[in-house]
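We just call them A, B and C in the order they show up, numbering each chain from 1.
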C-alpha cells in the first residue's frame, strides 16, 4: 500500500505514545514494546512518529535527511507498535503499515541508505542478500539420500539457512526427523529463491514482488499443498507480506516446523529441570499471523463509529505461533520461565527489517535489553525459534559477557545423536 | 506605614469607613498597657465580607498595618511598632449552609470549634479538629495554620478540610477559590446543588493553598466551605502500649495503610500525663506506659456495627501480630475519655501543665521519629531537663504519608527556652521540616531552602503589594 | 524555522550534540496536531528538540534558551496535543531520558518520580509492595508527574486514589530563569509540598496546570495508595482484551437503577462508606467498545441485539463498583454494604460473564481501556466537578445539549448522553461527557462547539467547576473572580520576559475579542447562533493553520504530492487497503 493510501490513517495518529509501551506492564524495566524508540528516544522513532513523518513527507512538510532515515531504519519493523496501537485504536492508524509505505516511498525516491541498498543490489545481482556468488541453495541437501514422494503434501523451504554451512547439520537433522515421522514433503533445494521478505521490509517492493512471484512458481511446480519452513522470516513473508503485496500462494497453508513437530511429537531431547526462557520472535509471532487483505472504505456506523465496510477482522497478532514452541520446550522437561514481554507483545531482538544491517548499535541495544530481560527470569538459557535471532542474541551475549546461553529451538530439542 | 504621630488623621478617616449606612464598629485600643491615650491601635469588628474588604482597602490607602484575629486575643505590641488596625473576625460567626449528604458546611471565620460543633450537631456532623484545641479557637484559623488533624484517613491533601472559599487579599481584591469561582452567588450555587467541594481553582489558581501557612500575611478568609466529620453511630477507642516508639510507629503505619481507625496518634508518657490532666484525671505520670498509640474506630455510614466489628477485629489482629496488646485505658485514663474531650473543649491549652510550655514541632515521616526522639533526649540531658519531662506527640497526617512531630517542654524557664531553640535547630538540621515556621523558626526554615524565599516574596508583593498585612511575619 | 548557530551550540553545550535534534523530520513529530485542535496537522515546527538527562541539564537548556531569545516548552509522554506550541522559536524539552522511579516507599505510601516515569511502569512496581497509583484517562502510558504538576490529573479510580493535582508531595522546579528550586521538603526528603509558610505550590499549579508556562518540573514526591490485590496483575482473556483474575478479596458489581436520581443516592452512600476502590459510571456504548474486539463487532452486536446487558442502552443508569479488602472480614463488610445500598436505592445487580468482568476490572484498575473506549472516532469531552447532587442535572443537561448534535448525523452517543462519572476521594463528583464525533472537519467543528457550549451552559446552570479550561479559553471562562487576571499577573511576575511558551496557559495580553466576550457570550452560545459558531470554528481552524512561508522554506525539499488536508482528512469515506 502506498503512502498516499495511508494518508488518512497516518493523519489519525493521536500521538498517544502507547505504541512504545506494553499495554499490560509487569515490571518497569521491561515496559517497552518498541526497540526503535527505546534506542532513538525522540518520537520519530516510534510507530506513531513514523506515521507522522510519513504524513509530513507525503504533504511536503519535510524532506529526507540522515535523522529521518535513521528513525525509519533503526527499526526492525517488528510490528509491536501495531498490535499495541490496535489495542487502543483498533485499525485507525496501523503504524506498521505506515512504516512499510514510508519505506517503499524512500526506495522510490532513491533514498535507501547505502548499507541496505547493498543488500537489495545483492539480491538483484546474486539472488541472496549476502551477495555470495556461490549461491547454490541446494548444496545443503545434495548429500541427502532420500526420494521425495511424487505428490508431496508439503514443500520445504529453508530460506537463507541454505547458504549458511553452520546451519546445514540442523537442516539435515530436521529432514531426518520429518522423514522418520512419515512426513510427505519435497525439498525445494536448489530451486529455492530468496522469498523477498527483506526486500519488502526495507521498502523495495518491486524487488520483493519479483522474488515472491518466483517463489510462487517454484511452489506451484512442486505440486505441494502446503509450505513447510523452519525460517521465521520466510514464514512471516509468506503469511504476512505476500498478502499485502497481493501475491497469492498456490497452497492451502504455510506451516512452521514447530507447528508440525508439536503436532507429530517426534522423539526429542531431554532437558529435565533446566531453567529456560523462550523468546517469541516477531516473525513467528505477531508478524507470522496470516494477513487478510481487505479493500473498501471505513464507514461511520451510528453516525460516528468508524467501521470497516467489510467484516475483515482487525489483527492483533493473535494468529502468530506461540504455543507450539513452548509445547516443544516443555516436552523436553525444561522449565520455561516466561519473560514479561511475550507472545503478541514480545520485544524484538532488533535484528530484522534491515535494522541490524543499517544500525548495528540499535540492534545491539535491543538484544542487550532482551537478554537482560531473559536473565531477570533466572533462566540459564534463552531459546528461540529463529536461527538468525539466536545468532544475533548469542553474539551480543558473548560480546557483553552476559551469563546466558542462547539456543536455537530446533537445536535445543534435537535428540543427542548416538 | 503610619507612625504614631500620624495616627490621628488615620483615626478620622477610619471612622468614615461605612458600608451601606452601617458603620463598622471601630475601637481604639492602647498599644501598650499604661501608655499615653494618644498611642493607640485600632480594632475593628467587621460583620461581613464587604466590611472586611472596606477595611482592607482603607488600610491599604492609609498605609496602616493590619492584624487579623478570629477571636478577641490581640498580640503584644511595642510602642515602637507601627500603628496597626486589628481586624477581629469574632463577629463573623455565621454558618451559611450545611449539607449532611456531602458533609459540607460553609462557615465564617469567627466560628470557634465549640460553636461550630453546636451548629453542626443537628445534621449529625462535627468539625475535623486537631488534638484538644481551645474551645474558642476559630476552625478556619486552625485549618489555615495547617494544624494537624486527628482524622488521618480523611485528610487526602494538605488543603483538607477546606473546600471553596472567599478571600480578601491585602490588595483589597476579593477572590472566590475553587468551585465558588463559578459565575453567580453562593445561594444560587447551593440551590443548584453545588456544595463547594472543590478547593482548588478556578482554572490555574489554587490560592487557598497559598494562603494556608501564610500566617495572615496575604489575605483574609471571609468564609469557607469545609468538609465535616460525620458523628459516629458506633465507636470504640483504645490504646496500644509499648516501651519504645518503634513498634507503635510500625503499627500506626500499617493501620494508616489499611485505613483502619478514624483517629489515631502516638503519645509519650509525659504527653499522656498532659492528656490525663486535660480530661480531669490526676494520675502519677510514672504509671503511664512509655508510649501509647491511641486508636479510635468510628463508624458513621451504613452498617455501623458491622463496620466497627471488622475494623476492631482487623486492628486487634495487627496488634497481636506485632506482639502488642490493646488496653481501653492506661492508668485510669481511658482512650474514649480523650476522644470525648474533643467534643467538649476547654478554654486553655492542654499543654500548659506548668503554667506555660515551649513546643517544637515540625513534619517528618513516621519511621524517622525515633531518631528525632533520641536527639531530643540528648539535648534535654545537655540542658539539664529530665528526658521524662519532654512530652512527645506524633500525629500522622495525609493518610499516613508524613507526621507532625511535637516536643513539648513544660514551663517557661530560660532553660526551656534554650532547649527549645537548640532542639528546633538540631531537628531542622536533621531534616525536620518546619512547614509552619513561627517567629525565629522562619529564618531557620528559610536557611534550609533559601531559593524558595524570593518566590514567597513574590506572593507577598502580588497579594499584598503595600505590605499591610501582618508586616514582619514570615520575614516578608 | 531554523535555529541560529549560536543558540544551537549553546543547547549542544548543555546536553551534548547527540541530544539536540533540529532535523525537520524529528521536529515534525513535535508539531503534530493530533486533531484535538482545529487547523492543519502542522503549524509551527519547534526550533529544536532537546533531551536532557538531569535537572541540571534542564536548567542549562532553559538558560541557553533565554540567552538566545528562544522560548521553551517541556514535554513528557506527549499524549494528545497539549505539547503543541502556537508560536515559532520554541525549543521543546523532551524529558524522555528522565524516566526513573527513584523511590517507592511502602511505609509512607509514596514514590519519588521523574517526568517520564509512566503510570503503567510505576503501578507495576508499586503493586509489588502493595501500593498503586492514580492513572488518568490517558491510560498507563501517561506521566504522573506531568499530570500532577501541569495538566488536569483525573482518573477513574479517584474513589481510592484521589486526584493527581492533590497527589503531589515535594516538587523540584526549574524556574523560567533556569534556577533549580525545591517546593516543600528539600534534599533527599520528598514527603511534603507545603511551606515553609506560604503554600507556594498554589501559585504554579491550579485546578488545571500551567503546561510548562511557569517553568519545568523535574522530580516530585508523589502519593501512592494502598493496593490489596495481587502483587502482579496476571492476564486473562485473549489479547488485546486482557482481563485480570479477581482475587479472593475483590468483589466486582455492576448495579443498575431506573433513574439518575437513584444513582446519585447510591453513590453518595457508597462514598460515605469510604470502602470503594473504584466506582465508575461508564456509558454502555463505551463498555461495549471494551467488550468487543472491534468496532465492526460492536456495530453488528448492537444491531442484532447481542451485546451484553451492561453494554446496552437500558443499562445507562448503571455503575461498575470494585471493592478490595485487606481481610476476609472487610471483604464481607464491603459486599454486604454494596448489596444493601443497591437494594435500598432500588437498584439491581447485572449478571456478568466472567471474562467480561475480568476485562472491566482490569480496565478499572489500570485505566487501560479508557483509551480503547474512544477508539476509532473523534471525540470531545467536557468535565465538571463538585457534588453528586449535581448528577441528575448533569445528565439532563447533557441530554439537551446533544439532542441537536445527534440530529446532525455527525455525533454519536448511546441514546441520550455519554457521561463518564466517578467519585473523587470518596466524596466528590467528577463527570466528563465524552461525545464521539465523526472524524471529519465538520465533526471536529461540532466537537469544539459542543465543548464550548457545554462549558458555557454548565457555568450558567451552576453545574460545578469546569475543567479543561486552558489556553484562550481561560480568558473566556476563567473571567469569574478574575482568575485569568491573576494568572496573567502570576505569569508576568514569575516570567516577565515570557521565556516559557504559554500556548496552553494564558496569553501575555488579553485580546480585544476576549474583552468583548462577556457581552456577546449569550448570543454566541445561543441555539440560534450555533450554525454561525460552527462556521467560525471551521474557519478559525483553517486560518490558524496557514503556515508561514519562511517556516516552509526550512522544512526540506520534497515537493508536496497532494494538497494538505485539514484535520481529520476526508469527511466520510476514506480508502483503506
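In the analysis below, contacts are C-beta pairs under 8 Å (C-beta built on N, C-alpha and C of every residue); 3 or more make two chains touch, one makes a residue touch a chain.
Note that the structure is a prediction, hence the values are computed from the model and not measured.
Arrangement of the chains shown, judged by which pairs touch: a linear chain-to-chain path with two open ends.
Chain C has the C-alpha centroid lying closest to the overall centroid of all protein C-alpha atoms shown.
Centroid to centroid, with C-alpha atoms defining each point, chain B and chain C lie 35 Å apart. Here the CA centre of chain A is 65 Å from the CA centre of chain B. Within chain C, contacts with two or more other chains are made by no residue at all.
By the touch criterion given at the top, residues 1, 3-5, 7-9, 11-18, 20-28, 31, 41-44, 48-49, 52-53, 55-68, 71, 83-84, 86-92, 109, 293-308, 311, 313-314, 316-318, 343-345 of chain A touch chain C in their complex. By the touch criterion stated above, chain C contacts chain B in their complex at residues 106-110, 130, 162, 165-166, 169, 179-189, 191-203, 205-210, 223, 226, 268-269, 272-274, 326-327, 329-330, 332-333, 336-337, 340-341, 385-390, 393, 425, 427-428, 459-466, 469, 474, 477-478, 480-484, 486-487, 489-490, 493-494, 505-506. On the chain B side of its complex with chain C, the touching residues are 99, 101-104, 146, 153, 156-159, 173-176, 178-184, 188-189, 191-198, 200-215, 217-218, 227, 230, 250, 253, 256-259, 300-303, 306-307, 309-310, 313-314, 317, 363-367, 398-402, 431, 433-437, 442, 445-446, 448-449, 451-452, 455-456, 458-462, 474.
Across the interface of their complex, chain A is touched by residues 21, 23-26, 28-30, 32, 34-35, 41-42, 49, 51, 77-81, 83, 94, 96-97, 101, 117-118, 120-125, 138-141, 232-233, 235, 238-240, 242, 293-296, 298-300, 302, 362, 366, 368, 371-372, 375-378, 406, 409-412, 436-439, 443, 552, 555-562, 564-565, 567-570, 572-577 of chain C.
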